[in-house]
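Below you'll find the structure, written out as structure tokens, and then a few comments.
Chain naming follows the written order as A, B, C, D and E, and within any one chain the residues start at number 1.
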Amino acid sequence: MGLLKSKSFSGGIHPPEHKHETEKKAIEKCPLPSMVIIPVQQHIGAPAKPVVEKGDTVLAGQPVCESTGFVSVPSHASISGTVTAIEQRPHPLGPGVLSVVIESDGEDKWVPGIGYEENYLELDKKEMLSRIQAAGLAGMGGATFPTHVKLSPPPDKPINTFILNGVECEPYLTSDHRLMLEDPKKILLGMQIILHLLGASRAVIGIEKNKSDAILVMQRLVAELKLPFEVISLKVKYPQGAEKQLIKAVTGRSVPSGGLPMDVGCVVQNVGTAAAVFDAVASKRPLVERIVTVTGKGMNETKNVLTRIGTPFSFLLDYCGGIQDHAGKIIMGGPMMGLAQSSMDAPVIKGTSGLLVLDEKESRRCAESVCISCARCIDVCPMGLMPKLLGAFVKNDHIEDAKNYNILDCIECGSCAYVCPAHINLVHLIKYGKMQVAKQIKKAS
Amino acid sequence: MEKNFFVSSSPHIYDQESIPKIMYSVSLALLPAAVGAVYFFGLRALYIIIIGIVSAIATEGILCKLMKKPLTINDGSALLTGLLLAYNVSVQVPLWMPAVGSFFAIAVGKFVFGGLGFNPMNPALLGRAFLLASWPTHMRNFTGVPHSGKISGIDIITSPTPLEVLKTAKDILQNQSQYSIEKVNVYKQAILELSDSIGNLFWGNVGGCLGETSVFLLLIGAAFLMYKRYIGWKIPFSYIGTVALLSWVFGGKDGLFSGFVLFHIFSGGLILGAFFMATDMVTSPVTFRGRIFFGIGCGIITVLIRQIGGYPEGVSYSILLMNLLTPMLDRWTKPRVFGGANKK
Amino acid sequence: MSAFKEFSKGIYAENPVFKQALGLCPTLAVSNSVENGLGMGLAATFVLVCSNVIISLIRKSVPPKIRIPIYIVVIATFVTMIDLSMAGFFPALHKSLGIFVPLIVVNCIILGRAEAYAGKNNAGLSFLDGLGMGIGFTLALMLLGVIRELLGNGSLFGLPMLGAHFEPVLIMILPPGAFLTIGFVLGFFNWLENRRQNN
Amino acid sequence: MKDILKLSSILMLITTIAATALAAVYSVTKPRIELKKQEALNAAKSVALPGADLNAIYDVKGNDKVLYYSGYMDTTKSNLVGYAFLTSGRGYSSDIESIVGVDSTGNIIGIQVLSQTETPGLGTRIEEIRYGESLTWVQKQFIGKSAKNLAVDKDGGEIQSITGATISSRAVTNSIVAGYEDLLKQLKETN
Amino acid sequence: MELKSLFIISIGSIFINNFIFARFLGICPYIGVSKQLDSAVGMGAAVTFVMTLASTVTWLIYNYLLAPIEANIFYKLFSLSAPPDLTFLKTIAFILVIASLVQFVEMVIQKTSPALYKSLGIYLPLITTNCAILGVSLLNIDENYLFIESIVNGLSAGIGFTIALVLMAGIREKLELADVPKSMRGIPIAFIMAGLMAIAFLGFSGLKL
């Protein structure tokens, strides 16, 4: 392992950052929406079960659905008011998902029992984890994996390194950046809890070089609080924030194909998750709000907004001056991995880091032509795959070949499709191929 | 009013490249050499280039129409193939030859495989090899006089190209007893002059195919393409490096390690081939190591054919032969998947 | 009627070269001129007809286990006969066909017909089958020969056809020309077939 | 075991029949083949030594190998026409073998290529008779020239090589020179 | 017999007079078994093996049983007046020997190495009637090769065949993903490809070793 390589990974791309639109904009608090939609599934794992009924009145922070297993988390009412419906509602990730709809009473009354407890660090580990689960924490870096699961690694997989993911390599998004600037202490204290839970010896905060102010703030505060954390500045390259690439950059270890970070003794959490862990453990505060970057050429105003989970996109967009007439595409998340929305009715969920509105011109993709084997996609793939071949295999229904060429290792980062001069939508093909492979595997077992 | 938003799979942003942009840039990069060709060989060079291009584009267009396929003549690849084909013939070929060559390149070299992106071998070089095998007399007629009047770049011999002079000289000097004294002396002199003619080789004032003579003009284009990252360093450098090494070792008339490296690099179609033809994306490997091996393979075959082949020209055949190996190279050099040994 | 069919099927519908892709090596090797093609075709036809007839005559007394070796011996016998006769009577042709005359022994068509037809049918039909297949093979060779010799040498049967200004496409009589020609001819027949099916 | 015995005897029987049939055919064709070979050689000899009586062309042998032929006008062996020798040179893709006749002063009086498998249309043109002519390229180029200092034009000689087939042309030319030198040596030794 | 001449024979048979691209021998398996790389490698290995073996055995048969030379066994055995000329049995003898050889090899492999049998064995019956095998045996005789030269020639011809087959298989697997016109798919495009490969192999023609 060369020394120079230690701070990054191989492959990757440099899309225009578009961070300047919002990176200097302080987080604004969004007014309460008149209605929120809380989907029972906002995380990877088993969906939660509703525990309220239509007509019930609920308080902010009150669970509206409960977890149905270990890999599952509850969701909470994010405002006080009346449950007006429990039905299929649009969801950012796709068609209807069972959701609890709450009409606001405008008072924002909270459940009792939330509040800072001085000696939270003395709590039992078990209690900490159950508080984290009860608070409904699912990773806020986008993948929304239940946090308490990640933080209770099996005994045969000791964790020695914890990495705080402050990379935010997706273009446009600045919510993590702002959080690091405006509430660094919460993040670090959350990180302290996580470290305590994992028993890891090394704690690293990874931040891309382009957020030098955040690096500075973090370094200063770490020193001030005398915490044993390293702050590492990373090369600006997409997808630096992807878990495996981040671990590689920080520790030099490669998560094995098909494996998990814990296989190499690492756990990665997003800065937002760390802050939420602090709230959950120290104040028993459930996860009912998050920071969303609203940005893009199609917006009238761009902002970083602290908003309640369940807030319909339309409300949030209106708060930012509404979309422009020539808006063409609304994306939940960043432009590289985010999901295009067919309507503005879906709500903000725990994993919503941004809303990006592109104008019509940006939204159009030139027609696809044929692959000329330029190998750009291969050069940039951070997973060492051959996207060109995967795409061709999927197109020609050679699913077995696709599997042998490790299609399942694709992290869907989009780098390949970004660089393809033939405008082939490789990620779409690969996603479809992965589904076919999964089907095949299922059939086989 | 409901607005319909675009919905598509991620990613939602792209860089600004496109296939036509790449193809036209490569054509642009070849433009200086075209100007050079006209300067050195006269207007006939221009006719040949135009005929090559027009025939390539017309073939593609007509075949698209006949096969009821979307018209692809605007993607610039047919233009490039026609241009490169024209660069690969001597200025003295009859004017129908570039037309036939382009036709073969596009129709047989590319179209029967499904068109752009699917052809396993370099179409322009196939066109050239087809012409060479069909009408070798015309193809090897290098008596077209370049601007300065020195075909081989040296005074005393009016024989074809510098490489050919070298080849004949080697033959003659190795079997001196069979030839007359004057003959041997002329070629001894020729060898000496060849070493001094590097300047001519560099600027392109020698006999040869239209587009291959001027190292200088070709390098301008190559530099532009490298800057734009349309061609990488791996194939050209490993190719030229291998030729340099091997011709230093084996290329000399005084035994091992006496080859005159610069001469071998600057003569023949090496620069054109290494930068513009071996790098054709469709027909070269896609992996890092694959490209290095590809270049090395081209280099070895080039020197082999130059040294002991039937003619003093190895570049086109070496690239074609390595094209055949491309799928295997890609297979053998599959990139290492992140965090895993390759399955299978 | 059916006898005619047994004969004619080999010529187009089941042409050994174009429809069954058999006997490819001699097809490619000797189709560089019409004359070679014709000579080779007739030699193969002779072997095909004779071996078909003999095999169908002895088919009932041949133990199945050593069927193939016996067929091979029969075929090889006729091949050697034609080989020797050609050497005696047409030395020039014999020379230009080279080892492809003895190689008729392993020509997939001949053993193929022995197995698929002569081993199961009576001598009369086997004769017709062999003749039809042989003629089909000969015609295929000649078709390729015509294309290749005309383009590659500007001549047919050695007689100049295309005038003094025609510059022969040398590659057509070189190995690549053989592959390319048969490739395109096969493609053309496929195309005809596809068109017929579509109508 | 019995089975195998039975099968092999059947096979043996068939093979024997076949071998017998072939032997019969061979006995008929062998003389013909020999004859044809002889005819071809004779034809070549008379091309190489025009004017010599076929019956008066004698093999001069050494170590059981024909070294050269000497040809006379008639069987009285009084009027020497010249000598013919076989020679071969490495062409483009084959060894080009030819028979060359020279008179006593070393002038070539006849020549014929006996075997070569050069590229059709290129190297094979050494044997080709151009449309409207009666001599092959080799005959046109070499007859009447001295077999001594021969060289193709590319090598500064007067033999016009076939364009696109210099290698084949050179092979023939150089093989004549070498063959002639050899002949002179043999002549010295045998006489 | 110098090493150099063996080297020349070897390079000649692999590249210059490649069995597929220049001699047109073994075309049927070349077109038939080049669709997949795995089977191409298996076939290539089987052919190479049998070619080498056949070259060896047929050379011995020819020179000790058939040829009218002093070494002829019958000549010595029966103290004939002159060596018998049995060359007219060449074809029949060779093909029978090859056929039994293949059978024998198949049996041996099956008995000794089931794994090898699984990968090679299935190709063996296919090559009995492959003209490349008989072809190389006949060529060895035509070219007057000595014993070792024949073996080297057989081995090299097999290697040349394998190279051609493997290259083709690699390309054809890629062509599976290509948009080849309907009428040209399958065998026609394989022939076109073979033609283009033969064009590239012209580069080796005329090599002077």
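Convention: contacts are C-beta pairs under 8 Å (C-beta built on N, C-alpha and C of every residue); 3 or more make two chains touch, one makes a residue touch a chain.
Because the structure is a prediction, the values reported are computed rather than measured.
Peer 1: Would you pick out the chains that touch subunit A and also touch subunit C?
Peer 2: A chain counts here if it touches both subunit A and subunit C, which gives B, E.
Peer 1: Steps needed, at minimum, to get from subunit A to subunit D via touching chains?
Peer 2: Tracing touching chains, the least step count from subunit A to subunit D comes to 2.
Peer 1: Computing the C-alpha centre of each chain, which chain sits at the greatest distance from subunit B?
Peer 2: It is A.
Peer 1: When all chain pairs are ranked by how many C-beta pairs they have in contact, which pair ranks first?
Peer 2: So the pair of chains linked by the most contacts is A-B.
Peer 1: What is the distance, in whole Å, between the centres of subunit C and subunit D, each centre taken as the mean of its C-alpha atoms?
Peer 2: Whole-Å distance between the two chain centres: 32.
Peer 1: Roughly how far is subunit B from subunit C, centre to centre by C-alpha average, rounded to an integer in Å?
Peer 2: 41
Peer 1: Between subunit C and subunit E, what's the gap in Å when you average each chain's C-alpha atoms?
Peer 2: Computed value for the inter-centroid distance: 22 Å.
Peer 1: So which stretches of subunit E touch two or more other chains?
Peer 2: If we look for residues of subunit E contacting two or more partner chains, we find 88-89, 92, 96, 177, 179, 181, 184, 189, 192, 196, 199, 202, 205-206, 208.
Peer 1: Going by the touch rule set out above, which residues of subunit B reach two or more other chains?
Peer 2: In subunit B, 108, 112, 115, 118, 130, 133, 136, 310 touch at least two other chains.
Peer 1: Among the residues of subunit A, pick out those that touch two or more other chains and give their numbers.
Peer 2: Those would be 370.
Peer 1: Could you run through all the chain pairs that touch each other?
Peer 2: A-B, A-E, B-C, B-D, B-E, C-D, C-E, D-E
Peer 1: Okay, in this complex, where on subunit E does subunit A touch?
Peer 2: Checking each residue of subunit E against subunit A gives 176-177, 179.
Peer 1: What part of subunit C is in contact with subunit E in the complex they form?
Peer 2: 21-22, 24-26, 28-29, 68-69, 72-73, 76-77, 79-80, 83-84, 98-99, 102-103, 105-108, 111, 171, 174-180, 182-184, 186-188, 190-191, 194
Peer 1: Tell me, which parts of subunit B touch subunit A in their complex?
Peer 2: Answer in residue numbers: 2-3, 5-15, 17-19, 21-22, 75, 77, 115-118, 281-284, 286-288, 334-344.
Peer 1: How about subunit E: which of its residues touch subunit D in the complex?
Peer 2: Answer in residue numbers: 16, 85, 88-89, 92, 96, 205-206, 208.
Peer 1: Name, in rising order, each residue of subunit C that touches subunit D in their complex.
Peer 2: By the definition above, subunit C touches subunit D via 32, 62-63, 65-66, 69-70, 73-74, 76-77, 80-81, 84-85, 87-89, 91, 152-153, 160, 164, 168, 170, 173-174.
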